[in-house]
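Please read the structure below before turning to the comments.
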Amino acid sequence: MSDATTSRSDLAAAFADESALVSYVAAGDPTPAATERYVEALVEGGTDVVELGLPFSEPVAEGTTIQNAIKRALDAGMTPDAYLDLVDSLDVDVPIVCMTYYNLIYQYGDGEARSASENASGEEPRAKGPEEFVAAAAEAGISGFVVPDLPVDESGPLYDACREHGLDLVFIVAPTTTEDRLERMLDRTTGFVYVQGRLGTTGARDEVSDDTPDALARLQDADVPKAVGFGISSGEQAREVVASGADGVIVGSAYVDLIADGVENDDPTSEVADRIGDLAAELKAGAADGVPEPEHK
Amino acid sequence: MSDATTSRSDLAAAFADESALVSYVAAGDPTPAATERYVEALVEGGTDVVELGLPFSEPVAEGTTIQNAIKRALDAGMTPDAYLDLVDSLDVDVPIVCMTYYNLIYQYGDGEARSASENASGEEPRAKGPEEFVAAAAEAGISGFVVPDLPVDESGPLYDACREHGLDLVFIVAPTTTEDRLERMLDRTTGFVYVQGRLGTTGARDEVSDDTPDALARLQDADVPKAVGFGISSGEQAREVVASGADGVIVGSAYVDLIADGVENDDPTSEVADRIGDLAAELKAGAADGVPEPEHK
Amino acid sequence: GTFGDYGGQYVPEVLMPAVEELTDAYERYVLDNEAGFVDDFRDRIREFGGRPTPLSYAANLSERYGTEVYLKREDLLHGGAHKLNNALGQVLLAKYMGKDRIVAETGAGQHGTATAMACAYLDMPCEIYMGRTDVNRQRPNVFRMRLHDAEVNPVTVGSGTLKEAINETMRDWATNVEDTHYVIGSIVGPHPFPSMVRDFQAIISEEMREQARDQIGRLPEAVVACAGGGSNTMGAFGAFVGSASLPGHPEGSHEPAPDVDLLAVEAGGSSLGVDADEGYAPNSASLSTGTEGVLHGARTKLLQTDEGQIVESHSVSAGLDYAGVGPELAHLVDEGRVEPVNVDDDAALEAFHRLSREEGIIPALETSHAVAYLEHYDGDGPVVVNVSGRGDKDLDTVVEESAAKDIDGAPSMEVFEE
Amino acid sequence: GTFGDYGGQYVPEVLMPAVEELTDAYERYVLDNEAGFVDDFRDRIREFGGRPTPLSYAANLSERYGTEVYLKREDLLHGGAHKLNNALGQVLLAKYMGKDRIVAETGAGQHGTATAMACAYLDMPCEIYMGRTDVNRQRPNVFRMRLHDAEVNPVTVGSGTLKEAINETMRDWATNVEDTHYVIGSIVGPHPFPSMVRDFQAIISEEMREQARDQIGRLPEAVVACAGGGSNTMGAFGAFVGSASLPGHPEGSHEPAPDVDLLAVEAGGSSLGVDADEGYAPNSASLSTGTEGVLHGARTKLLQTDEGQIVESHSVSAGLDYAGVGPELAHLVDEGRVEPVNVDDDAALEAFHRLSREEGIIPALETSHAVAYLEHYDGDGPVVVNVSGRGDKDLDTVVEESAAKDIDGAPSMEVFEE
């Protein structure tokens, strides 16, 4: 995606068919080249939005599967700059959302930390903050951000930077989110809203949470697309979630499980990519099946 | 010594030549038969008084040498009754002093402890106390007692029992003993007074303590013989002590070292007995050499 | 919720309602003593915990340094460290809030033990997350937690130490947030934790002030405390700074006392700085050398790479071995109210031996850093050192390290050589 | 110097002048507070030792037994047990007497540690005698003594345990009697030790009475304490019996209180009785089952053979593992003032787990015997249990024994199994 003109309309537009598939992998797991290949497979399989993880050393919102993916990526040398290079080199026609933790975004703008040695002259370091990273991300072709450790009340600077660069900021609505918090989030969320389907952390599960219909119901008046994540791993689950009223599903750990298996068995990247593409296709088909008949609308 | 008519005059009489040798071994170290042989050797070597240890499990006044002797004797089964049998069977013509700790003397009179099982009928147990053991000891041929953990102030019952049976009670005068304690001890000590030559516990040393002359000087007016112990192991030391004014020397650990060597090397009892006899002879000769010329008296 | 630029609430949305509920409970029960919560806490920390802990005059150290040295004896608190002040406060608060399950992280096991203890006492189910590496090397504390009937969950991710245990506890909390309270072990995490933990711990400095008045007749010239996450530090400083607020304190005992020097002693480890390539810092001196960032719910000073990845910290003292520090301390350092200093592993080991030998008190290795700083203290005194905990837990480490490094003043242990 | 028929001064003559000098010093400094000795002691045991220790209400045990249970928390005293009351008192007295060297015996190492601590604090050279067997199996306490700069002398004679260590310390004292004070660790030995140690320890029951009045509004119905040599026992009973006398106590706090039941819980070991042929008793129940005799300076109740040889005692708790008992306790039992009871090793282990699990307090194995007796207590309460020490020192033993014997209520330690 060498073209840096994506805007938030891209993200919302990706949900036009009401059965969008948002697919997550961690950048650099296990190598940047593999990620590039996996992203292509995801898109070929029908992915509408790629959520590309920028690995952070303390991924508190992730379950074991994605923690391990992040560890593999970090051990292989993934950095924010390498991430942006990778994004820049992607040649896919769907929007890319950057999923990461706030400290990486925050540090990128830090003249002090980035060049402590160059800064011995004593000049005032530039202030830290999200602006630089957002600018660089926009330049590389990112369409938006999901930052799980940045609740709405702390999101001011990042929100402002996203607006300035035309990027979407996606908030996660949790099962525990209160009404007044929901209002504050809906005031700021653009692109889509990330509906956390269950308590806890990310990770593939066998069944859709019973709470999903209620979670969607209270969002029915929201004027952004609603994508449900946390625990979805099969076409059937995707169908069920979309049938419950979602505009899309977010899947991550199910792909990462395939990548982990590939690493474990030393499978060729192309084989793993095929499996990933197949899973994406299954999920996309399931999601499409779940779209209610027109008369139900 | 099958004759039970010894009296305190026997003990005092043993110091008639002013260079008495008092020799200690632990009864039953390593067997009663060996002890019998060693006692004979001691007497043949010139011993004037045999101090025969009745082994107690907690010999707080003894140094390592005699502690080990006592352990050997206890491990081989020595008991107060076996001790009395041994004394009874000794055939030597010098007085025997029983050296032990108070609890053994005290328990011997205890109907309760001796026959707890026979006493289930609930009859009042006999009172504990030294009387029974003193009576039995007198019967077996003991002439007196040295009880290192029985200071003069606690010695009333044993003193009374000894008087009743015509036995001597020997007190130990320590370098730390105060004048008023010394008076109380001299009121009760009979047979001889045991002058502790140095602080601490029993055990052979290479030199006579510098304090010995002073210790003897303050006893010069006492009308009992004065024997010095703790640390004497050679004829030269014996000479020196007697020259300092003692009426005799007490030696224990030096003999016990020979017994321990014999046990260690599995030497025949007769060989060990010979060494013991030789040492006794050396000590006796040394002590005799130390007796001042008549004109000095 | 912030201390200057530091603090805040950087946690997943799923936890935010719990954090808000906790903030409300903190304000009502702790700050306003609703339902007599603080009275209850004060009674229990006295009767169960053994407060007040004494302020001991250290005659031999005073002679050595030519200045009056006093020791605030948190080593005598139940459990052997200051940790119970906070653990008991939070578990009791969870009970008042109607929570029916407790989770906590632990590194060396001190906070886990204190939490398990408080839960046994207050009859609350308890699960502790602890890195697999730490489980294996801190067996006595694992025994203690299990004896108090706490579940101990080994965390096998990463290096299996404190940072991973915190992450995993946050994940449990995110999963069971409705009925579970997370007892954070230091003045870190999202608001209200840094303020709340400080308030429970500041009972230390509240007592210090009263005792100094009674025993010395004046406030100390300086208070010295070690700083890892910083709970004993803010415990020792809180009432002097004036930020702490626990109702029911003696009059004036929480007034700002700007003339009292406050020295936070960090773990200098084997050397300062961060090795970004290795993702490793051979120290835990985030106040002295760290840079601003966001970790575990708060903006604060961190040991991190240029990119913002958190590095593995190091200290001979497991309890100081953390890449972050409480946001309030970071702020107080920026403000100049608290002076950050540091001593290295060897100096801490020497101080461990010095206090053991000269005052009859075996300090925790954490505390030993504070004691070590006395070698550099150049004020007139009186100076109070916060003895944050006892060193029984550190005996094996100290004996091994002292022999390996030939530490000055370490006694020979040849009594064991037959 | 005697308690009925018990007590006395059965020591070698070489020690008698020292014993007399000590008796004089005891009467002047302790009983008459000459030179403000007792004031000094009270100040130091408060500021250095952490007195008063709390009286904790045990809500969960109270519910279990349907009676109010309180715990007197000597586990919170510096060093982790009541031992310091005595050690500090005696080392301070030795200083007042002008002695310049301390010796002491130790079994499991608790008294040795307390003495080493007090000596470090008061700057007195210190040598501890400890059986070779005990040195090898109580490494942490040996570490602690060495860290406090005490010499530790392993005793290789006999079984290498407490009895031999006492013998050897008496030998050292006999050798160095002029400048050395022997800090006996319990209410045993020749007069004035049993009385003096009781007086220093009775600060426990003095506080207990004051605290019961404040917290319960009345004296307890019963006080329960474990009994080995008996120092924590007489510490817990002394002020109720009325024999203890330390000047400066609150009015009335040492008056005889005949309505308070006093229960001394001995170690029943694996079974009662003495195996005379083996010279072994599988218990340490000298008060319940021993016979009168003379040991270590005093006439008292002993575990001995018919002939009067002292046998090896046994208890899972090293601190109760002694063949004798303090003469005053023997007398109080004969008088009917103290009731001797006993619980076996298994019951003590169960109680160890019960207190750890239900009240958040890990007791010493010694203390666990007292806690175990609550299962048999049939009074109306309130009952006070003297928590003589903390159980950190016993963790390994308890974990091993609990697994080996499948003790009821012991937690699984499978967290260690990977």
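Before moving on, here are some points about what is shown:
Should a chain be cited, it is by its letter among A, B, C and D, assigned in written order, with residues numbered from 1 in that chain.
As a convention for this text, a contact is a pair of C-beta atoms (placed from the backbone, for glycine too) under 8 Å apart; a residue touches a chain by one contact, two chains touch by 3 or more.
Chains and their UniProt names: A, B = Tryptophan synthase alpha chain.
Note that the structure is a prediction, hence the values are computed from the model and not measured.
Here the chain-to-chain distance from subunit A to subunit B, counted in touching steps, is 3. Computed from the mean C-alpha positions, the centre of subunit B lies at a distance of 37 Å from the centre of subunit D.
Between subunit B and subunit C, the centres computed from C-alpha atoms are 65 Å apart.
Here the spacing of subunit C and subunit D, counted between their Cα centres, is 34 Å. For subunit B, residues touching at least two other chains: there are none. In this structure, the chains touch in the following pairs: A-C, B-D, C-D. Across the interface of their complex, subunit A is touched by residues 8-18, 20, 157-158, 163, 167, 170-171, 174-178, 279, 291-297, 302, 304, 306-311 of subunit C.
Looking at the complex, you find that subunit C touches subunit D at residues 46-50, 53-57, 59-60, 73, 75-78, 80, 116-123, 132, 135-136, 139-140, 142-144, 146-149, 152, 154, 215, 353, 356-362, 392, 395, 398-399, 411-413, 415-416, 418.
By the touch criterion stated above, subunit B contacts subunit D in their complex at residues 56-61, 63-64, 67-68, 71, 74, 79-81, 101-104, 106-108, 110, 112-116, 128, 148-154, 171-178, 181, 185, 196, 199-201.
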